[in-house]
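Both complexes shown next keep chain A, but they swap its partner, so chain B is in the first and chain C is in the second.
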Partner chain A sequence: MSDIQSPLPGTFYFTPSPGEPAFKSAGESVSEGDVIGLIEVMKTFIEVKATAAGTFDSYVIDNEQPVQAGQVIAKLK
Partner chain B sequence: MALNIINPGLSTSIQDLGRPGYFHLGIPIGGAMDRFSMRVANMLVGNSEDAAGLEAVFMGPEIEFTSDTAIAVTGADIPVMIDGVEAPSWTALAVSKGQKLSFGFLKTGARIYIAVAGGITTPEALGSRSTYPIGALGGIEGRNIAAGDALPTGSAGAVTIGASVPSTMHRMPATPAILRMVKGLYWHRLTEASGQQFLADEWKVAPEADRMGYRFRGGKTLEFVDREQPFGAGSDPSNIVDGCYSYGSIQVPGGTEPIVLHRDAVSGGGYFTLGAIISADMDYIGQLQPHTPVKFEAVSMDEALSARQERHKLLDAIRSELS
Partner chain C sequence: MAIQRLLIANRGEIAVRIIKAAQALGITTIQIYSEADETMLAVAMADESICIGPAPAAQSYLNVEAIIAAAQASHADAVHPGYGFLAENANFVRAVTAAGLIFVGPDAELIDMMGNKIAARQTAIKAGVPVVPGSDGAISDLDEAARIAEQIGYPVMIKAAAGGGGRGIRIADDEASLRRLAPQAQAEAQAAFGDGSYYLEYVVVDARHIEVQIMGDGKDAVHFFERECSLQRRRQKIWEEAPSAALDQGTRHELCQSAVTLAKTVGYKGAGTVEYLYEENTGRFFFIEMNTRIQVEHPVTEQITGHDLVAEMIHIAGGAALSVAQADIHMSGHSIEVRVNAENPAMQFLPSPGTIDQLSFDHSNDVRFDHFLYEGYTIPPFYDSLVGKLIIHADDRQAAITQLHAALAGTVIKGIETTIPLLMALTEDADVKSGQVHTNWLEHWLENNPQIFN
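Let's turn to the complex of A and B:
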């Protein structure tokens, strides 16, 4: 079990653009460096990348929700 | 001596206290968004207060030192790491050749200031090293720092390693942040009820807020007094015949979302402004994260000037503390 944290505050998105499927779904394998989500801040989108490999479990924050730096956004199994 | 940038973080820029004197030509004043923290970082490492340092926003950069020197980190509350070991902020720290500075996750505040003994000595543009990327002025060839940059530094003065500024002398916004303002020339454009509502509402920092302006949303849409549109103004009730904006002006395009113009703002345009945030509170805005609640409080010019005096006194007290 490992957590993926947001590196910075902003608005969290788990899809690459509106209407598209989420970056990861439950059971999918995750490699270190895979993009898990986007944080929007200062008119920029910053990619959140996995810091460890594993199997994707779930997002713990809804799409388009505010996040704080260090807040857990997804869990790996 | 140089600072090798391993990871630049997000929009990390070289800033000093700015380049006042060109705003009438459309060149913004620039400089640190939280000038109080930038000054104190410089004081801690024996620099003149207007030396150039780094301003990082929401996340820290990773930097390697090419020789022994002293640094200080002020501003937002974020774990400071030297070779992975946590070190105190608001303190003069000795670092050795080859050591690396990095950061943990931001706790409170928004902007981190990093001063190095001797200051960063990139070329000045219009009297300042502050970075204004849109105008390609200052910084490194007019841009923010990037991985692989080696930032030159000047000769260090005397530094007292371990000197620190107690937390009672830091200056960070409350929650909700109270931003004091002086009503301006166009306040009369609002209905009385709408003016009161603006001051009563709680607003939240919009995620797009940046060095040009801090946008707020969540309060009620403003209501304007009826008028005949002046010749030359746009068709919206929030339009005016183009006028000058000051540092700290609060414009409200369409009457919906107030924007406080900050260090890299435009100098004029066709939106009315409610007034201006007092100079003593502009540093607070530089420390606001997205979604932070904010209230605007109207004060008199006398109150604005005494708040400025208080801030000057606090800086004087820190100078004495460190001398």
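Let's turn to the complex of A and C:
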């Protein structure tokens, strides 16, 4: 079990663009460096990458929600 | 009817700027804010404030319904849009006027026209303002292309008529390269869009961005001279000055006059900026667009002319005629504005929102710092990274750069990263000091100086 945290405060997105499927879904394998989501900070989009390999469990916050730096956004199994 | 209760439909430093101007005129100010902006300086300064929705701009500062509802609930009689957000949104203007309120700016039809590139270009041509030469319509015949390119003058840009963006653009320096490149562009456009026709447009090499500040009351219009904003990164201006170092008096007069002619042709009402590309080696200038709002860089114009542009636009919106005649507008000295952004230049300009732990800067007369910071304030991550504008006014350009360097060195903003190291480096650069810059200069400079912030 490992958590993926937001590196910056901002607005979290778990899809590459509106209407598209999420970057990861439950049970999907995750490699270190895989893009898990996007953080919009001051009109710039920053990719959030997995810092460890594992199996994707779930996003723990909703799409397009404000996040704080260090807040957990997704969990790996 | 003079404005008595002004709603500020914006945030950040421009909200602070508008509140100061309005309060000096004896107007009651009403500041809107999102749930993320309750602690911002403009809310503390305004006479009244009203929350309009959640943090995302789409649900707050871009939410026309919520803003109109706030204006009505607070009994505002006018709305100042600032810049960005809804400032050039004609539908917002229509909603404001439909609610019986004054919009501080031109009317919706004019905003619509200037927001449409083709309509704006046609209006400029009608007013006799030079535009970037180009083919009037799409071309598909090579001999015709060569004949038109000869009239336009080389270099020319070959752009697919279908599609959009910068895709497939080629630049031909002479007829031989046009005859080689145009068929390639045609084949590519045919394959990509099913339409091989293309446009030609003159390429202004090493263009300088020069713009003219105008103000109109619907009948008359005046200019407040030009600003040069050639130092840009990703099409964002970061350093603006007035006057331009590139213009002689004759060209300045001609340029400013053409902006006034355009403003008078359309019966312009409010503050506006006519933007041009300036070709230094030929002394030619070309209209690119007109912005129908107050601009970020308006302070340099205020510094050299001594006129308060925000106050003037509020006056005019309230029904007054222009308070100044052209003969009363003079420029004196040189002013430079630099934009301080919450970004880390050593990390590819990564945004850096956060809490201001310490703030101090030069308060002397020749230094103006338009900002919205205070110690303990947390800059939210949801909006633009601009945190302040440092503005210098000195006797001449050289003195302004020297004083700017000192003012930047004396500006302390702790708790966040800012672009001050970039701005400091620019004040020390030989090209910047001699004024030898153009709109692509800064991007090249950043590429060529990757170690500058390490």
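Everything below uses one rule, namely that the second predicted complex is superposed on the first by the 77 of 77 C-alpha atoms of A that agree within 3 Å, B and C clash if a C-alpha of one lies under 4 Å from a C-alpha of the other, contacts with A are read in each partner's own complex, and residues count from 1 in each chain.
One rule holds in what follows: a residue touches a chain if its C-beta (ideal position, glycine included) is under 8 Å from a C-beta of that chain, and two chains touch if they have at least 3 such contacts.
Bear in mind that the values here come from a model prediction, so they are computed numbers and not experimental data.
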Fit or clash - chain C, chain B, common chain A: clash
First (chain B), second (chain C), both or neither touched by A:Glu32: neither
Partner chain(s) touched by A:Ile46 [first = chain B, second = chain C, both, neither]: both
Chain B versus chain C as contact partner of A:Gln5, first or second or both or neither: first
Chain A: partner with more touched residues, chain B or chain C: B
Which of chain B and chain C A:Pro66 touches, first, second, both or neither: both
Colliding region between chain B and chain C, picked from 5-13, 167-175 or 275-283 after the shared-chain fit: 5-13
Touching both chain C and chain B, counted on chain A across the two superposed complexes: 8-11, 40-44, 46, 66
Sites on chain A touched by chain C in the complex: 8-11, 40-44, 46, 64, 66
Touch list for chain A against partner chain B, complex: 5, 7-11, 40-44, 46, 66, 68-70
Residues of chain C that touch chain A when the two form their complex: 36, 55-56, 342-343, 350-351, 353-354, 380-385
Residues of chain B defined as touching chain A within the complex: 10-11, 57-59, 104-107, 110, 207-210, 289-291
